[in-house]
Every structure is written in structure tokens, then in C-alpha cells.
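Working notes for the structure below.
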Amino acid sequence: MWTFFHKLGSPPWLYSISGTILRWLLPITLVALAAGIVWGLLFTAPDFRQGNSYRIIYIHVPAAVVALAGYYVMAIAGAISLIWKMKMADVAMKACAPIGAALTFIALVTGSIWGKPTWGTWWVWDARITSMLILLFLYLGVVALYEAYDNKEAAGKACAVLSLVGMVNIPIIYKSVDWWYSLHQPASIKFTGESSIDPSMLYPLLLMISAFYALFTCCLLMNMRAELLEREARTNWVQRLAKQEGRS
Amino acid sequence: MPDTPTAHRPLLSASGLSLERGGRELFSALSFEVLPGHLLQIEGANGAGKTSLIRILAGLSRYGFTGSVTRHAPLLYLGHQAGVKALLTPRENLAWHVGGEGDYDDERIRDALARVGLYGYENVPSHALSAGQHRRVNLARLYLSESPLWLLDEPFTAIDRSGVLDLENLLVEHVERGGAVVMTSHQALQVTYEVRFLSLLEGLRL
Amino acid sequence: MSAPGTLPFCLRLLRRQLVLAFRRPIEIGNPLLFFAMVVALFPLGLGPAPEQLSGFAPGILWIIALLSNLLTSDAVFRSDFEDGSLEQLLLSPQPLFLSVLAYIAAHWLVTGVLLALVSPVFALMLNLPVQAVGVLVASLLLGSAVLSLVGCIGAALTVGLKRGGMLISLLILPFYMPVLIFGSAAVQGAVTGVPAGPYLAILGAMLCLAIALAPLAIAAGLRISVDA
Amino acid sequence: MYFDSLGAILHMDGHGSYVWSAYLITLIVLAMLLLVPRRRQRRILQQLDGELRRRQGTPMALDEES
């Protein structure tokens, strides 16, 4: 366990192992993503109430699920960097924020587009959308805080604290928004319950969720690799790498 | 409490301290111990990392360096800023100090302020005092403090000639009592006591 | 002579912060003035119809209280950071968790409590039904303590930054939202005759959680800010 | 395949514009997510390589300069 941690803490090792992982994971992810999109768009029957517009679910729900999970990944990485002072956790945490923000953005935009044919309006203050909006604010707060610090090491620590505070708060925020929505519930608007989703719709959805998770991992690793190179620019292994690969 | 100082037990020990800023190595593998009776002056040009080192020693800098610092005794740190609130009087500044070192009664505070040449200024609002007098209020903490280990960053800044003399005497008194002082300063100490020098590049020397 | 006990030390810090605040009364008056001015904005923006205003009053009052709290929380640690007192606080032998609570208590007393106490005046100006005024004050008292605790997290994380003013709002506002939801719901409930007890209990629960956890984050944030 | 023709795919019973725009935006954002770190990585390596060559002062660099 400890040696594994030590290895994780070694930048050249992390760089090379993440390169190997990416070589396999990235193609698989792209194929799964393409397959899921084609399946969801072309090979499933439309929803009996919402018609074809429900096909947006295949990107909206995965983006939302992974965006939320991404915040927890970020907070856990932050906790590791604070407790064990592991620099790689810092790098991972920093890389999570923009990806999570982008996924949250996707979830919001697709939700809004979905809302137009379903509810007849681009934006509804529904519990889930409101929660996603707050999640976007949380992500952007982390990005803004990171950018505001000149000392990047301090920036990482500060963002780690902020993301931990966010992790404690997210369940509270989600529960309160849920409760708030049930208090003010406009009667007619409701999702078709996802619990009763038909298997023929569920399988492509599960595929897409997995693909989004894989995509998140790929982006995370790629961002970490770039960040590693920048932080370790003065070391021998990066300079060797630059000689090999920089001249293309 | 420096009552029976065991001369060989260090008050502070640093091992393998290295610091890099902006790709430049300020110091590396710096190891030393501060024993009771030591008067240690950190040497180096502007930007050499003196303040960084003293902040690491105090425990204010916790990231960005390698090596370890162990503090075995309560310490008193005086930094660049005076830490004096303009809205409080010198007496209140000392009595309610956020450092939380001790309960000082008015008499002790009056004595300490008198020692730094602020007799009669106890209840004047600090915004009526000059920058040098703010620093003196801060230095009055040295007369109140019972911490054996003092970390002083440029204590002579904005202090006039007689103030410097008083302060030098105080430092010697403190180390003779079994305390220890680690300080940075651009000027050489005019004291008869043995001063140790810590060069950021070469390490400890006499 | 030895170091003072933790409780006396914290009370001394509290007293220091309160004296500092009261020696500059304008700083205490500013949030109240802000409250009054923004209250005046709403009739101008929404129209003066009393029924409409009274419908929005719980939300309006809570949002303004939240904003004035937010605007003042930036200053909690700033002057101590600038004059070096914060370094001394971090080096003090006292537990930082509790000394930080003293700072927050002072902030709560001079903003939250004061706002809660004057809020009935503004509630009447916005035609809030009289039976809801008591709940408004109670919810503001409880809620503003949570706001102070959470706001100080943002203050601690941004105190070292030159341009922290706007940033703190971005960091902290999302965490204010649950407090806003339950605080304004309590007042809304009182208007429609729903017992406010459960809402206040939830606010109290949030307060307990915040007291237990926020000082940890604030202490960590202060250490990072002083380090940077 | 659920749809009969390309036209039906694009139209989707009137919801086509919503569905397709949602997918398009998503794909653009995802593509950016993947391309930005890749470009950043390449840029860092190139800059570093240039820096190293400058420091060594190879004749190649002189030729390019003239």
C-alpha cells in the first residue's frame, strides 16, 4: 500500500503509466461513446409521452451523473493532498475542476434544450436543474479561486479546502433544493420517472454513463499529464521527453 | 520557563531544509540546532531567503520546502509587520494580544512600554503613534514574553540608535538567562556576546 | 505566569474584536444602511402595490440580510492579515479552532444580530404581516450565525488575495443557498399560518453542523493564506 | 433502426432541432475537453525543447535565424 502510494507520488512513473492507460482507454471510450450515441439516437423507440426529444437523456443524464461524481473525486483528491501532502493529488484535484464544470455545463444546456419541447420553456426552476446550476457555481468557484492565487501550491491547498467544504455541503444543498421544489411544486411538470424506464432505453443509457465515466478519466489523466510536465519542467525526465517529442 | 536550562537540549532543530523559488535554489540541505544560550544571526543578501527561512522555522510556512523543523519550546516570532491595531491603545494591544501568551496586568505592561521608551503612552490611541513607535509597541512583547525561543525578523527596522542599543542588551540578557535568539538583520550586532552566524549557502559558522 | 486558559483567551479576543468594531461605528452602520437602501430598491423595481410587496417580503428580507452579511464577511480577517496579527494568532499556543470562533462570534454580533434586531422595521415597510415578524427575527438570528460561519470560510481562503472582494461572493453564495431556502420558508410559513418550529429547528441543525466543521476549514484556510 | 429515412432521422417528428443541437453542443464541448490538454501538453514540450536548443546553441538554430 505504502509503496503504491510512493509510486503514485513519483511523477515520471505516473506520466508513463497514465500514457499506457490512455493508449487503451481513449479508443475504447470513443468507440463506446459513438456506439452509445448511435444506439440512443437511432435504434431506440421514442418515449410515448415525450416523443423523440427524450433522446437527449442519453447525454443529459450521464453528464449530470459524472459531473456530480467528479466533484467527489475532486474533493477526495483534495483531502489526500491536504492530509498526506501528496503533490500528485494536488495535480489531480486541479485537473478535475474544468472537466467537471464542462460536464455540468453540458447537463444544464441539454436539460434546457430538452425542456423546450417538453415543458414549452427553456428554463424551469426544477429541483434537478437548480441543483445542477449550483454545482456549476461550485465548480466555477474552485476554478476562480485557483486562478486568483499567484502561488500555485497555495492555490491547490486552498481549492482542496474549498472542495471539501463543498463536499460536505452538496448533500445539504441537494436535499434543501429538493425540499424547496416540493414546497413550490408547479403541478403539471414532472419527469417520466426514471425508475420505470424501459430496458430497451436503459441499456444504451448505462452504456453512455460508463462512456462518460471513462471519458472523465481520460480527460483527467490528460490534464494531469500536461500539468505534470509544466510543474516538472526543470527535471531531467521532462527535458529528455522534450528532446524526444518536442520537435514534431 | 527558562529556569533550569539544560544546555544540551535544543530548543529548535532543523534538518535538511531546502527551498526553491522560481527555479532558483535559495538554500539546500540546511541543518542546524539552536541550543539555549545561542544568539544566531541569519546572513544573506536581499532576496536570499532569510525571511523565508525564519518563517519556516516559526512554522508559518508549511508547504513548498523540504526537510523538517522541530520546535521543542514555546516561541515568540516578530515579523516585518508590527501587528499593532491603530484603533487600540498600546496597553490594549498588549493586553489583548492575539498571540495569547500570557495574562499581563497593567503594571507589567506599563513597565514593558517604559522599557521601549513609551512611558506615558499607554492609553494613547495607536493611530496617533508613528511607525517606529508601533514597532516599539511590538518589541515590548519581548519584555513581557516568557518564551525561551525568539525568532526575530529584522527587529531593528525603524528603530532609532538608542532603541537599537536597548534591544541588543535585551537580546544578550535573554540568551544569558538560557533563552535563544534567531534573528535576521542587515547590520552587525554590537554586543560582547558570542554571535553565531548562519549563512544560507554555507550553513552554521562562528 | 503562564498562558491564559482557552476560554478567557477567546473571551478576550471577542472583546478585542467588539472594541475594534465599536471604535469605528460607521463600519457597523454600513450593513444596516445597505439593508435599508436595498429594501427601498424593491418597491421601486417591483411597484409599490402593498399586496405584491408583502408576498415577496420574506424572500426579499432574507436575500438582503444574506447580501449584507456577505459584504461584511470579507473584512473579518483582512485587517489582521494586513498588520501581521494573523501570523501571531496562528503561532499562539491557543487552539485555533476556538479563537476562530471568537472572531466569528464578534462578526455575528455586529452584523447578524444587529440586522435581525432592526429587521422588523423593514418588514413593516414591506408590508410583511405582523404575525411573521417574530419568526423573521428568530430565523435571521439563527441563520445569520450560519452565514457568518460559512462566510468566514470564504474570508479565510481569500484574505491573502489582493482582489478578493468579488471572489468571496462566488465561493460562498452557493453555500448560503440552503440557509436562504429554510430561512425564507420559515417566514413564508409564518405568513400562511404554518408553524415555524420545524424550519427553525433545521436552521439550528445547520448551525450545529457549521459550528462543528466551519472552524476547521477556516483554520486551514488561514494557514494557507498566511503561508502564500 | 427505428427511423425509415435520413429525413426522418433529421426531423425526429419535429424534435430534431432540439435533439441534434443538444448532441452537437455536447460533442463540441467534449472534443474541446479532449483537445485542450493534448495541445497544452504538446505546447509545453515544444517550448521546453526550444529552450533546451537555445541553451545548447546548435547550428540548426543559427541557420533558421539567418
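As written, the chains take the letters A, B, C and D, and residue 1 is the first residue of each chain.
Rule of thumb we're sticking to: a contact is a pair of C-beta atoms (placed from the backbone, for glycine too) under 8 Å apart; a residue touches a chain by one contact, two chains touch by 3 or more.
Worth saying up front: this structure is predicted, and the values here are computed from it rather than measured.
Novice: Suppose chain centres are the mean of their C-alpha atoms. Which chain sits farthest from chain A?
Specialist: Computed centres place B farthest from chain A.
Novice: Could you compare the number of C-beta pairs in contact for A-C with that for A-B and name the larger?
Specialist: By the number of C-beta pairs in contact, the winner is A-C.
Novice: Measure off the straight-line distance from the CA centroid of chain A to the CA centroid of chain C, and report it in whole Å.
Specialist: Distance between chain centres, rounded to whole Å: 32 Å.
Novice: Just how far, in Å, is the C-alpha centre of chain B from the one of chain A?
Specialist: Spacing between the chain centres: roughly 48 Å.
Novice: If you average the Cα atoms of chain C and of chain D to get two centres, how far apart are those centres in Å?
Specialist: 46
Novice: Would you mind pulling out the distance in Å between where the CA atoms of chain B average out and where those of chain C do?
Specialist: 37
Novice: Where in chain A do residues touch two or more other chains at once?
Specialist: Within chain A, residues 151, 154, 157 contact more than one other chain.
Novice: Among the residues of chain C, which ones contact at least 2 other chains?
Specialist: Within chain C, the residues that touch at least two other chains are 227.
Novice: Return all touching chain pairs.
Specialist: Pairwise, the chains that meet the contact rule are A-B, A-C, A-D, B-C.
Novice: Using the touch definition up top, name the residues of chain A that touch chain C in the complex.
Specialist: Touching chain C: residues 82, 134, 137-138, 140-141, 144-145, 148-151, 154, 157-158, 161-162, 164-166, 168-169, 172-173, 175-177, 179-180, 183 of chain A.
Novice: Which residues of chain C touch chain A in the complex?
Specialist: Against chain A, chain C makes touches at 153, 157-158, 160-161, 163-164, 167, 170-171, 173-175, 177-178, 181-182, 185, 206, 209, 213, 217, 220-221, 224-225, 227-228.
Novice: Where on chain B does chain A make contact in their complex?
Specialist: Interface residues on the chain B side: 23, 63-64.
Novice: Could you please specify the touching residues of chain A with respect to chain D in the complex?
Specialist: Listed in rising order, the residues of chain A that touch chain D are 33, 37, 41-46, 51-53, 55-56, 59-60, 63, 98-99, 102, 105-106, 109-110, 113-114, 116-117, 215, 218-219, 222-223, 225-226, 229-230, 233, 238-239, 241-243, 245-248.
Novice: Could you pull out which chain A residues touch chain B in their complex?
Specialist: Listed in rising order, the residues of chain A that touch chain B are 85, 151, 153-154, 157, 234.
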